[in-house]
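Multiple structures follow.
Below, subunit A partners subunit B and then partners subunit C, in two separate complexes.
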Partner chain A sequence: MSPSTWTRQQQVERTIAALALVVVIVWPTFGSAYWAHQILIETFLFGIAASSLIFLSAYGGMISLAQTALFGITGIILGNLATKGGPGGTSKGLHLGWDPTLALVFAIVATTIIGLIGGAVASRSTGIYFLMITLTYSVIATYTLGQVTKISGFSGIGGINRYTPGWIGDILAHPNRLYYIALGTAIVVYALIRFVVRTPFGISLQGVRDEPVRMSSLGYAVPLHRTLAFGLAAFIAALAGVLYAWWAGQVAPGDVDLPQTISLLIMAVIGGLVRIEGAWVGAFAFILMQNYITSNTHVPLLGFGGTLFGGSFNTIIGIIFLVIVVVSPDGLMGLWGRIFEPRRRSTEGPSIAAPAAEPTK
Partner chain B sequence: MPDREQVSSWLTWRKWPVLLVVALIAFAFAYVLFITKVQPFGGGNWRTTTFGSAVHDPSSFLKIVLDSLTFASALFIVASGFALIFGLMRTVNMAHGAFYLLAGYIAYEVQQGMTGQGFSIDSSNVNTWEWLVPLLVAAPCIMVVGLVVQQAFLRWTQGQELRQALITIAVSVIVADQIIAHFPRNTSQGQKFGGNAVDLTWPGWTDRFVNLHVGGVQYSLARLVVLAIGVAVGLGLWVWLYRTKTGMKIRAGVDDEKMTSALGINIQVTFAITFAVGCLLAALGAVVWASQSNISSGQDGQWLLNSLVVVIVGGMGSIFGAAAGALLYAFVANFSATYLPTTGSDCCTQYSTIVTFVLIALVLSFRPRGLFGRGA
Partner chain C sequence: MRRHKLRSWKAAAVLTLAVAGVSVWAATSLAASGARPVRVAIMTDCKGAFAFGYEYDIGGAQGAFAQFAGGKTKSHAKPSAGMTGIRAGNTPVQIVGYGCGNDTVPLAVTETKRLMEKLNADVEIGPLSGDEAVFTANYAKAHPTKTFIIGTAGSQDPTMQIHPRNMFRYYGDGAQWNAGIGEIAYKKLGWRKAAIIMDDYSFGWTSAAGMIADFCAVGGDIVKRVFPPLNTTDYAPFVRQLPNPNQVDGYFSTVGGTGTSAMLKAFEQAYGKLDPKQWIGNLFFGFLGADKVVAPKLVGAYVGGFGNMPGVHTPAADAYRSFMSKLYPKLPNDDSFVYNYYVGAKALVIGLQKSKGAVGVKLQAALPRALKSPFQISNGGIVKLDSRRQAIQDQYQLQLVKNADGSVSPTVVAYIPNVDQSFGGLFTPSSPPPGRAQPPCKKLATPWQGKIQVVTDGKVTNQVIK
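Right, the complex of A and B next:
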């Protein structure tokens, strides 16, 4: 375990990771509040959501577009359970006014169960079929939330950030608490995924990813592995959903719609669908662009410039996404890894490209 | 393990899910046909719906059947293009919805240019040409856009399904955003509101109701035209795929791409033709359904979802599957929106989307490859 036995890549990466950790820990004390409370918190929580997507993709071979939906479902459940109605309360939702801790636990457990059910339905599919099925989940979640006015309606539920558990306290008055909760959750999620993929379950999940037929012949329950992995990813997405509900204060169908689903996918792809660290790298890159490319930034030859809607951010992010998928399908982490393997051809071995469907000689 | 197969008669536990589903479907049929009632003076129970049972109100029932058929027809036109591309090339064209949207807006602009009327046109001012020419302009435009995307990005990534899906997602993000930046150009106040809803207009002769002489139903001719176009597309595709040389090559390519190409058929040309025809169908569907309903930004996602549901339910990549999936999806969507109980102010028709999900879940749990899907 001593640094001298690490490879050069590990040495560099672990140094960067340690430095980054120190920077984000001391940031609220020394850095700008805008960065801390907008960009960094958002990076942590979307990174958690993206890490659930990357976990499924890298270790289960499944690209799920349902993570945003699960993320929003948690927020909606939390909003319905925790907020209170009446004067000064929220007007939308069921506003049941449960104890926030209980609501928090219930929302996470319920989302995990929904994830397990959805995973069970999709578990016999892989690859592109899985992507299509999870995309329909996501769109169905959006429409259901938009149409069922009792639980959400089109404008969603607001004021969720006023109903945090007592042991956390008032995050509106002390936004740094949310910052450290998000940072801590991100670290725990990262450690959890790193741990899970080393357990017997994680190892056999990777077996299922590479050789589902052989694993099945060896007596492993392939759909069960996929379902459990999807359930774990739903749990992770639920954690991100709680953080998002507290950070944004409101959750609406617009937070889980197709553009949002694709945004999360773009974060994961920019980071790289092969390594968990990529989740936060991708989220950071995406959120930086989102904050600094405004509707006034216009793309030469593409937008008319000055139009209020369109022609700027999405076009730029779309082009970046396209370039990354075409040039380096395993994202920034893949480019980074290639620095340390100069002999590897850049067109070779993208992990999201052709899965091991055909036997190689 | 062989004896387990022998023991399983139809009453073992393995068959219970099937029996349950059959019972549910039977109940749904019975509910719509006989059980449900109208309760005009408020209140109501689980038997209360807007129209009551089919026996009680056959003309409303028939209208909803026809609505479902016409919606299925539009679904089929769009989704068959998606299914065609997927069937041959294993490419999931996630930009299908964006192409649909682009075609709708191009056709709208052309129609506006031809009629010279502002924003909303009365259909009596539109003749057949002023509907056909927008279609004939929009369709080749989308074919060209599709071909460019296919040649530039999909040709050399052939076989990498997930990468192609990601590439087409990127294309759809760019195209949808550019649509919002540039369309619609003709609006009522001369302002540019990115991607707001506009209508294509049917030619004047379709704007009347036809007496069907069944249960006294008067039905919109325009919707019957949608149905006719859908049937024509279905027949056309069948003739093209099963009675022409190109169709034969496509079917050969679906079965075994490498063998087909080894036999001296230029599979790249076949791929290009198929992709262009798939995009053409998206454009045709867009013009037809934008005339019936409208076109607005956000429908790209909706029609991508529609195509996905149809293809997932019907079976990936089969034209018959697309037809079956379109029918099933349209009937379930329309009937759950009108025949779910209406007790109280917000129960239960707003849950109709969930019924669609149940449909997908049921089909996938029994046939993971869809109704007409073939094994992997």
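Right, the complex of A and C next:
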């Protein structure tokens, strides 16, 4: 499909995407280091985690609250395997001192297997029951990490970013490497999801989402599709987990607890649960607010308690969340899509008055 | 076609706004990184179990800046209102921000990065809590040009197992604070078998490690260890795991913050009235409001130390109290939540004077390895740092007593000079850090064994605890 055949929306979006890509590629050279190493890396990695949630929701009809848990499990596995103890080493965890590359591969594979097992258990559930099962996974992960102090404890494991593979090098001395790894991973994950949903598996997964009974009657293995989708989402969450462990240096049960689980869901909802791009848009919006709404934020007329809502990030994010859910249930991506909606109606007729964002496109 | 153009304009407007917004944010961030005075951040907690520490910690640090660097507070009632005019020698010092943690690691990550990378602080004084300090130690190791002076966190790991070169602590860790309390339990209360209930995180473990090591060193036995998570609200399931009062001689507690009172209440509901002779707590039995809630139920109970000396008067201690009470009259200045930040900031002023305003490695080399501290009696009032930049500090064990006005407060009953972090070699950089099962209970010789001096009416005597 050449640019001349793109719709107006596609033209605008792809131009913005190309511009955004250029901006983020050159940012470490010309932009603020804080933005590069804090705001944007966090956006990339939490966007990856949120994309796993949106993938399951948009193409599998499954809203999973387990993605944060899987993300944290990867970090804890990596931390236990790769770090070393002794004087000057990390103070918590098994610190087995594996080769970091081996630890990295093992952590991702193990998390994917855990995801497949979890997906198999939850695959016959839908709707609120699926949500509850995956919430249970999240709670199990939080308390397992908190209570099993040999592998984590409430303090978690620190110093993970000192044990990166040799082919990556020292990301502490060269933080731009982590930036580009996170950016590259985000692009690959985006492309992977776009590819998968166009494969026969992806198409039948969308069939499972829309008409599970009919798909089952046609001979498709509905639970298997859901399990594999959950496994793929676990793999994607694992990639985000590795990036987080390297970025923060520390992974603790607090990273996978209920507030963090809800935070990831909020990122996905703010971005929009119907389009993969929404993952990074939502993550960017959330992380911007998280970093700039503090106890020192002063906004005229909204100075409750002296600062903006007393500097309460949770209050403000709650209000924004509420507004988005009411105004645009499809999040910021849905809002964006509405700009083009009337034109589509006027030129293509009312019969194609499709939702603002179409997952299959 | 018109509509088409309208939509395009809308898209272009959104794009322009987005680009403009990003540019403004970026410009703000870049502007913050220009030439400037020494930038200091104070990291503490304003949420969670230790939220009360926010003003205390900021007040402590700013007290030293006011006393030794000419700082002018903006409010005598609210330290977090800020301070201006700080100069260490010829070097202007700017407080660039206050960190707001909640005693958990994830928020410590965000707040530390905000202070050190967004606000571009050269030096952090903090954090407040144990797990936060473990994270900060790892962070410090990764950022060798930044300097970290621990605020009042008591976990052992930062200066024992992790010990980054750019991290300093000018007071004892949680185990050091409790040196001697086990021996007091053994000799004064006749305990032989005890149980311990400890907060399930770095400080709870370190504080418990001091009690366990000291009690077992003289021949006591810890028969049960129970670990409620930090921020627990219902302690009933945990106190039920403790042995009955008739099965042990006593209980040690390192449950802190908002949990101390709730835990003791749950114990009362399970086993009846509290017996002060059967309870020894760490600092959370006597400070931070516990003197009003917990202490009245436990008059006569012994309490582990906090590196401070309530009721003991020396010229240096009284001068500190007098200065701080004028600067911030509402702060509990005898409390180490204030005092530990104060000594950290004092050390920073001395270091900056010596380094002539240089930061990074030069400041780290210039920071004092011996510091005159108000609550130190031995060595002419000087606290020395060991090779891992951890203080070797006098410790004072406490007892809850009823005052003439009916209030209850901790008072010093015992004194141990120059307590170091190792407990006679039990804790080393290669030993596992304090945890649920660490240290094991074993007899050993601590340097102060049999030498703990009795303190009566605020005076150190030559008598020893028998």
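Everything below uses one rule, namely that the second predicted complex is superposed on the first by the 327 of 361 C-alpha atoms of A that agree within 3 Å, B and C clash if a C-alpha of one lies under 4 Å from a C-alpha of the other, contacts with A are read in each partner's own complex, and residues count from 1 in each chain.
The working rule: a residue touches a chain if its C-beta (ideal position, glycine included) is under 8 Å from a C-beta of that chain, and two chains touch if they have at least 3 such contacts.
These numbers were taken from a predicted model, which means no experiment stands behind them.
**Q** Check the residue A:R124 against both partner chains and state whether it touches subunit B (first), subunit C (second), both, or neither.
**A** Only subunit B; A:R124 stays clear of subunit C.
**Q** Considering only the touch criterion stated at the top, classify A:V327 as touching first (subunit B), second (subunit C), both, or neither.
**A** neither
**Q** So in the superposed three-chain picture, is A:T149 touching just subunit B, just subunit C, both, or none of them (first/second/both/neither)?
**A** Touch status of A:T149: both partners.
**Q** After the superposition on A, what does A:L258 contact: first (subunit B), second (subunit C), both or neither?
**A** In the superposition, A:L258 contacts subunit B only.
**Q** Taking the superposition on A as described, I'd like to know which of subunit B and subunit C A:V22 touches: first, second, both or neither.
**A** Once the two structures are laid over each other on A, A:V22 reaches no partner at all.
**Q** Looking at the overlay, does A:A248 come into contact with subunit B only (first), subunit C only (second), both, or neither?
**A** Once the two structures are laid over each other on A, A:A248 reaches subunit C alone.
**Q** Which positions of subunit A sit in both the subunit B and the subunit C interface?
**A** 149, 311
**Q** State the interface residues of subunit A toward subunit C in the complex, per the touch definition above.
**A** Interface residues on subunit A, with respect to subunit C: 8, 12, 16, 19, 23, 31-35, 37-38, 85-92, 146, 149, 153-156, 158-159, 161-162, 172, 248-250, 252, 254-255, 260, 288, 290-292, 294-296, 311, 336, 339-340, 342-343, 346.
**Q** In the complex, go through subunit A and note every residue touching subunit B.
**A** Interface residues on the subunit A side: 63, 121-122, 124-125, 127-129, 131-133, 135-137, 139-140, 143-144, 147-150, 257-259, 262, 265-266, 269, 302-304, 307-315, 317-319, 321-322, 325-326, 329, 350, 352-355.
**Q** Contact residues on subunit C for subunit A in the complex?
**A** It comes out as residues 3-4, 7-8, 10-11, 14-15, 22, 25-26, 29-30, 33, 46, 97-98, 100, 104-107, 109-110, 113-114, 117-118, 120, 130-131, 134-135, 137-139, 141-143, 157, 161-163, 200-202, 229-230, 429-430, 432-433, 435-436.
**Q** Which residues of subunit B touch subunit A once you look at their complex with the stated criterion?
**A** On the subunit B side, the touching residues are 90, 92, 153, 157, 159-163, 165-167, 169-171, 173-174, 176-182, 192-195, 301-302, 304-305, 308-309, 311-312, 316, 346, 350-354, 356-357, 360-361, 364-365, 368-369.
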